[in-house]
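Read the structure below first, then the notes.
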Amino acid sequence: MVGAFDYAPAIVLLPFLSFVLSLTAGKYLPKGGAFGGIAATAGSLILSAWVFLTVSAGNAYNETLYTWAAGVGEGTTTLTFGLLLDPLAAMMLLIVSLVALLVHVFSLGYMNDEGETGLPRYYAGLGLFTASMLGFVVADNLLMAFMFFELVGLCSYLLIGFWFREEGPPSAAKKAFLVTRFGDYFFLVGVVGVFATFGTAKFAGEAAFPVIAEEALAGGAEVTTFGFAPETWFTILGLLILGGVIGKSAQFPLHTWLPDAMEGPTPVSALIHAATMVAAGVYLVARMYGFYALSPTALGIVALVGGFTALFAATMGVVKRDIKQVLAYSTISQYGYMMLGLGAGGYVAATFHLLTHAFFKALLFLGAGAVIIAMHHDEDMWNMGGLKNRMPVTYYTFLSGSLALAGIVPFAGFWSKDEVLYEALIHGLAGSPLLLAGYAMGLVAVFFTGFYTFRMVFLTFHGEPRTETARNPHGVRWNVKGPLVVLGVLAATVGVVNMVPLHDLTGGFPPEYLHDWLAHGELSALTSEHYGELLHDYAGYTSADVASYVAGAVSLALALAGVLTAHVLYNVADPDEHTAKLGAVKTLWYNNYYQDEYQIWIAESFVLPLARLADKFDQGIVDGVVNGVSSVSLFAGNRIRRIQTGVVSNYAVLLTLGLTALLVVFGVLGGWFV
Amino acid sequence: MPLQTQLPTWTAIAPTVLLGLTALVLLLVDSVDPDSTRPTALAAVSVGGSVATLAVAGWYLLAGTGQVGGAIRLYGGSLVIDGLSLFFTVIVASVVAMVSLASHDYLQDRTYQAEFYSLVLLAATGMSLMASAGSLATVFVSLELASLPSYALVAFLKKNRGSVEAGLKYFLVGAVSSGVLVFGISLVYAVTGSLLLSDVATAIGDAGDFVGVAGIGVVMIAGGFAFKTASVPFHFWAPEAYEGAPAPISAFLSSASKAAGFAVAFRVFAVAFPLDAVVPMGIDWPLLFAVLAVVTMTLGNFAAATQENVKRMLAYSSVGHAGYALIGLAALSGGGPNGDVMGASMAHLLVYGFMNTGAFLFIAMVERWGLGRTFEDYNGLATRAPVACLAMTVFMFSLAGLPPFGGFLSKYALFYGAIQGGFWWLAAVGAINSALSLFYYSRVVRAMWIEDPVDGDGVDLGATPLGLYVAVLIAAVGTLALLPAFGPVVETAQSAATALFA
Amino acid sequence: MIIEGLIAATFAASMVVLLAPDRVAGRLAAALSLLPVVGSLYMWSRFDATGNALTGGDPAFETIVPWLELGGYTLNWHVGVDGIGLPLVVLTTILSTLAIVSAWASIDDRQSQFYGLMLFMEANLLGVFTALDFFVWFVFWEAVLLPMYFLIGVWGGPRRKYAAIKFFVYTNIASLAMFIGFIALLFGLGDSVSSLDMPAIAGALRAGELGSLYGISAGTLRAVAFVAMFLGFAVKVPVVPFHTWLPDAHVEAPSPVSVMLAGVLLKMGTYALLRFNFTMLPETATRFAVPIALVAVVSVVYGALLALAQQDLKRIVAYSSVSSMGYVILGLIAYTTYGVGGATFQMIAHGLISGLMFMSVGVMYNTTHTRMVGDMSGMADRMPVTAGIFVAGAFGYMGLPLMAGFAGEFFIFKGAFESTVHAAMPLFTAAAMFGIVIVAGYLLLAMQRTLFGSFRLETDYEVGPAPLHETVPLAVLLVTIIVLGVAPDLFFGMIQDAVDPLLDFGGELS
Amino acid sequence: MVPVEWYLLLAAAVFCIGLFGILTRSNALLFLMSVELMLNAANINLVAFSAYWGNVTGQTFGLFTMALAAAEVAVGIGIILVLYRNFDDVDVTLAKGMRR
């Protein structure tokens, strides 16, 4: 019986086809291949939906489809590609293909209508980007995951650097690829390590490496741990892989590439931030959660990094002038929450936040895009203001997204972020200071989030227009509004899938759809239930008893506080900056805690001089020796030539001397003269 | 079927006789009608004579004359015909053939051509006699027979200061060395009371108190041969003589004369001074030659490395190659695979005969074109004479010992025999030297192919000297052909050498 | 006989082209060079070898004909290919053809000589990768250097003479060291071998039949010979610190020649290392595991650092070749199927990728007449296709998945990490892997400076899209790279089959 | 009866005189004469020891040597003549156009 799973490969292949199509024949297609991309992503969306339904029927799919490199001889591993379709993957497929589709549509308005050149390249990039991300989502083993992870990086490079004729984008693209590559280095070491340790890198199934690791810890299986205790070695592996996550998900300290990535076209930013690149990191941790759950240390670090990043980025978002910059830092901060959730053992919570964030962040970026179109590609909020009446659709959808981001009940962001914090709290109280620290930072970040979000809203849409362009903005068409509306609705409503506090209040209504969705499944090793056991047995996580609504109330209060502050300060006819009050902190935030500075310093004032030094050494010493040898022998040759004076009498002398010398030496040696 | 069973034994000397006769015929032809010089006829005669010699010697060599069933001794053993003598006769004859072919163009509108050719052939006669000398008397006589015409030939361009100077130096050094040689011979005679190599071998064992005398004699004889082979410390004449002499003569001397010197050295030392007899007495002549070999090859190569004059560079390189060939006398030990290494040295001399002759003949061609002698003058020659330059490239790389040329294989066999004999350090020195030699040989190639001509491509080389071209090409083909054909060559040489030690 | 046919045909082709008039030489050479391509692909389709040709395996298309006797050793004409040789043969033929085509645009004097030499070199390269008798192998090995010497020296850049002579003498001295080392082993084996047949010698050595020589004990002899041969090949590879001839040669050589130099000639070194040092003296190699791995790591990192400091695009690629070859060394010393197999695969991958890079640099140079990073920017604006392919090639160099480079590097990393030759191998591997970050650094920097930004060119030349015959070779290479990256098993299977027998040593030190 | 070793010493002495002449004289003719001395030193040995051994080989060879010496002189004089023509002198040290 042919089912959704048999067509699942097409989910990846369709966007790839659109990539090939746009690349080869793009310039002959209408709209530079946009329709191809839309059709492809729509197809992927439909198939993903079908897969989603099939999975929700309790099925799962974990098959090897292609042998990349077959190992010959005993003891060698075979490297394969395959599909792993479980609830998590199905959900992510849905998110990615939906956002991708909407971004494609939006691009019609943002790129085509704006008369950009090189559209085929653009749509080819989008297609490949979507394809890579989908491939990453369905990957059934770590190697395949890494490969598509890298391809995602490539696409981000190509798309961020889309406007390559200017100075900024290429440099930003380079930075994005380089910084993430730095993370991926550790990831790759981790992958190789996993292979060396377990002989396999499959996520699911009998011979999956998390399973083997579990058995190894239980003393059931023998694995090479290079002289470490299994726990330590697994922690090391986990942290190595975490390197890739930190890079892609723009966590501290590898977050610096993301704000620069704003140089790319705004729809691309939406794609990167909401569904593809940045999401990939968090998704990876969720994907192999069964492995992380075995190591409390790794979990603790994940949580700490997450919590810190959440706060850290939120503070920087407070002072930005550029609307996209604010969104960028909000992204970093939000992914920090997800990491916190994962580290705190809130697998479901993190996944939930991934889901909601995908929608409201896509919404916000597309909304920002609409604003930017309206403002003739001016992105400075201080040149906006009062757009509310002139572009209502954009405003209201944007508002819904902002509420979600700020975490105001009942918008999606509230439920998910709240649950993340809740998980951190209960496991932290149960005796994990690391988690408590994470919780605290996350909590503070809530306030900042509310503040900067609405600072953005007020500056952009409220008050009096501060410039001519803001007074009569450029209109936007259906292809912009459509996606905004869809996402706006989702951002407002998607929270219903998992309203934990409400569930606890009302004692079971509405049901926690997402919890149930992730808790069960054919692949028992990949269910949140199993993860729960692992966390309890190996990571030693226990949960203190705190009512979820209490925690929810706290965070809600903070969020509102933030919103109110923003309202007081900026929701006036003609707001001032107010940042002066911050004093030294302001400069610190403006300069992003000098993160870029020190990283650029490392690159330009350390690595490059080192390289030049090496070059000098190479030219001078290493090559000098080589040339020295030859010149020395030539010099010797010159000296020897001088023996030949040209005067025959001298020859006679030398000849006689030579002969005599021979006679004497051999006479003495041979003892002739005794 | 060994030849001597079918022909009277004296016929074994036929190759040498042929060379001598050709010389006489040339003189005759000239004296019949001294006024009119007919260069082509003369060249034809000498080429014909040398080719005939080559044919007969080669035929004998293949037929096994003097190899199957022991050497043929004539005139009371003062002439010995065996593999060694025939082998070297082949070398000499082929060199002479090429040289006389080339000389036809080189000597165009010069006087005394008949004398030139006959002198060449007389010298050649002497050389093939050297190869078959069975007694120290024959050694000395044949050596002088080879030398005296050479002096005259070097100084052949009487109006040319360089040629004269070269002749003078060659002659003076040669005279001194012949004095040394004959004195050495007299000392050996004093100790052994005989000049026949075989008798010397038997008698020298019981030199008793006269070991010193014998030793001095041996060293002095070695000196005499060192002069012929242009080895240190008797090499001083070589750079000047080769530079000043007419290029074909340089070719002749540096190939054939050197080979003959080695031929006689091989025979005398292998036969007359048997290792197991003299070495215990304290006359360690292999060590002597080892020292000479190292010094010679090093000095030759290093001095060649920085020359500006191509001909002189080749002269020094020829000294260096004498050093390589000396390994054939140095890497010997009681019971070692002496035949192999000496045979390898012989094979190397054969290959060297082709590649070195070719190289000097190329220079002859350049002189004929009236170009200069320095590397710069060769710049961009390839664009004007690609075929000849290709041949020269073959010679250069073959001299440097690169595959896929004959020089590589012969040098390889040589070093390899040395290592087999346990003289790996000799091989190492040789290897290092040939690595260095690559540098200056490739300078010629670089000048011809890579450098741009100084005066543009304008200069017209004039009519192509056909004989020279043919000779050079023959040499090139020989150099290449000796790679696949090396097997039989080296086997013949090694069996011939082994026969000496038997 | 097909191998002989291939080599002979290529030699014949070179002669024909040498005598052909200049204006047709390029086209003629390209046409004739298709013959070996077809031949090698046919060999690939009919490939039926099993195991490793040197360790008792059964090579394909094998022929043995006695040639000559020397000092009690038989020299045979012995050729054949196994899973290691064949991929390199295919690489050679394909790359040669593409290099020849790509030369049409840049070579405008003495064409017939140029193309004749290219084909002559190809013929010898085929010999190197198929010879199974040491002597035959060595003759081809040395004969490769001659055409390269001329190709650099005649058609090269301003300092071509210096570069050519440096390359020539340096590599020749190196092969001398190697030669001496090998001959020492040969004599050490004494009567246990009676020919220069490489399988026989390898078998004897691996079986530990090496005796003492001139009072040097077998152990010392083994070590000394190993080091001598390693040094000899290290120059060819090249391994730091014997690499300095490479940048000079690359910078001066015309791009098609650089393609052959980086694409195939460097592989001769690693191929020889694999065939001689690591096949014939495996246990000795494992004894030297730490220094060798160290050398590999240094080559990777140091080479990459040097590349970072360069301003000349060709120098950048040249130094990054040094870096990539370091990976190969690391894979070889790993002595795991993936390590050694990956190293072999990386030879192919790097051959294709570096070829692509040099070719595209050449294409740009043909219109801009400069290779200096500082002299140009925004090239992507004027020659989009070339720039696009350059970017693709650069990412291939950075080891982008689904391109051949990643396959090779990943195999190597995997194999080296799980290697058991020394406890520290994982550390060495991790250290070497950091190269993938630096390589990204300098390639991205170079691309940002030259390809992107607003168009600017210091040398005043009209810059437009490259003609088709310059683009096609690039495209072909790119496709090949991607195909091999998606389906490495096209070669990796046979490679592993040939590599696996190497891994059980069998008591050479006993 | 004079012991035969003395002849050895005499011959050696004559040889050294000849050698000394070569090293000191730059006149070509004197050079040539010194060479003759060396050859004759050899002849002394040959004759003396042919008497000592009681065979005529030595004496015969002595005759050969003289003949060859004569031939050598003939060629030598010829070369010296052209030397004089080209350099207007018979000083061998003048001819040093080629060196190094």
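Here the chain labels run A, B, C and D in written order, and each chain numbers its own residues starting at 1.
Keep in mind that, in the parts below, contacts are C-beta pairs under 8 Å (C-beta built on N, C-alpha and C of every residue); 3 or more make two chains touch, one makes a residue touch a chain.
If you're wondering where the values come from, they're calculated on a predicted model, not measured in any experiment.
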Which of B-C and A-C has more C-beta pairs touching across its chains: A-C
Computed distance of Cα centres, chain C from chain B, in Å: 43
Cα-centroid distance, chain C relative to chain D, in whole angstrom: 65
Centroid distance [mean C-alpha coordinates] between chain C and chain A, Å: 37
Distance between the centres, which are taken as Cα means, of chain D and chain A, whole angstrom: 98
Where chain A touches two or more other chains, by residue: 630, 641, 644, 646, 648, 652
Chain D residues counted as touching two or more neighbouring chains: 22, 92, 95-98
Residues of chain C engaged with two or more neighbouring chains: 169
Touch-based graph of the chains, sorted into line, ring, star, complete or other: other
Touching pairs - complete list by chain label: A-B, A-C, A-D, B-C, B-D
Complex contacts: residues of chain B adjacent to chain A: 168-169, 172-173, 176-177, 180, 211-212, 215-216, 219-220, 223, 232-234, 236-237, 239-240, 281-284, 287-288, 291, 299, 302-307, 436, 439
Chain C to chain A touching residues, read off their complex: 166, 169-170, 240-241, 243-245, 302, 305-306, 308-310, 336-338, 378, 380-381, 395, 398, 400-402, 406-407, 410-411, 413-414, 417-418, 423, 426, 429-430, 433-434, 436-437, 440-441, 444-445, 447-448, 451-455, 486-489, 492-493, 496-497, 500, 503
Residues on chain A engaged by chain C in the complex (per definition of touch): 67-73, 76-77, 143, 146-148, 150-151, 154, 161, 164-167, 169-171, 174, 177-178, 181-182, 185, 188-189, 192-193, 195-196, 224, 226-227, 603, 607-608, 610-612, 614-615, 618, 622-623, 626, 630
In the complex with chain D, residue positions of chain B that touch it: 136-137, 140-141, 144, 148, 151-152, 155, 158-159, 161-162, 164-169, 171-172, 175-176, 178-180, 182-183, 185-187, 189-190, 193-195, 213, 239-240, 243-244, 312
Parts of chain D lying in touch with chain B, wherever the complex brings them together: 8, 11, 15, 18, 22, 28, 31-32, 35, 38-39, 41-46, 48-50, 52-53, 55, 57-58, 60-61, 64-65, 68, 71-72, 75-76, 78-80, 82-83, 85-87, 92, 95-98
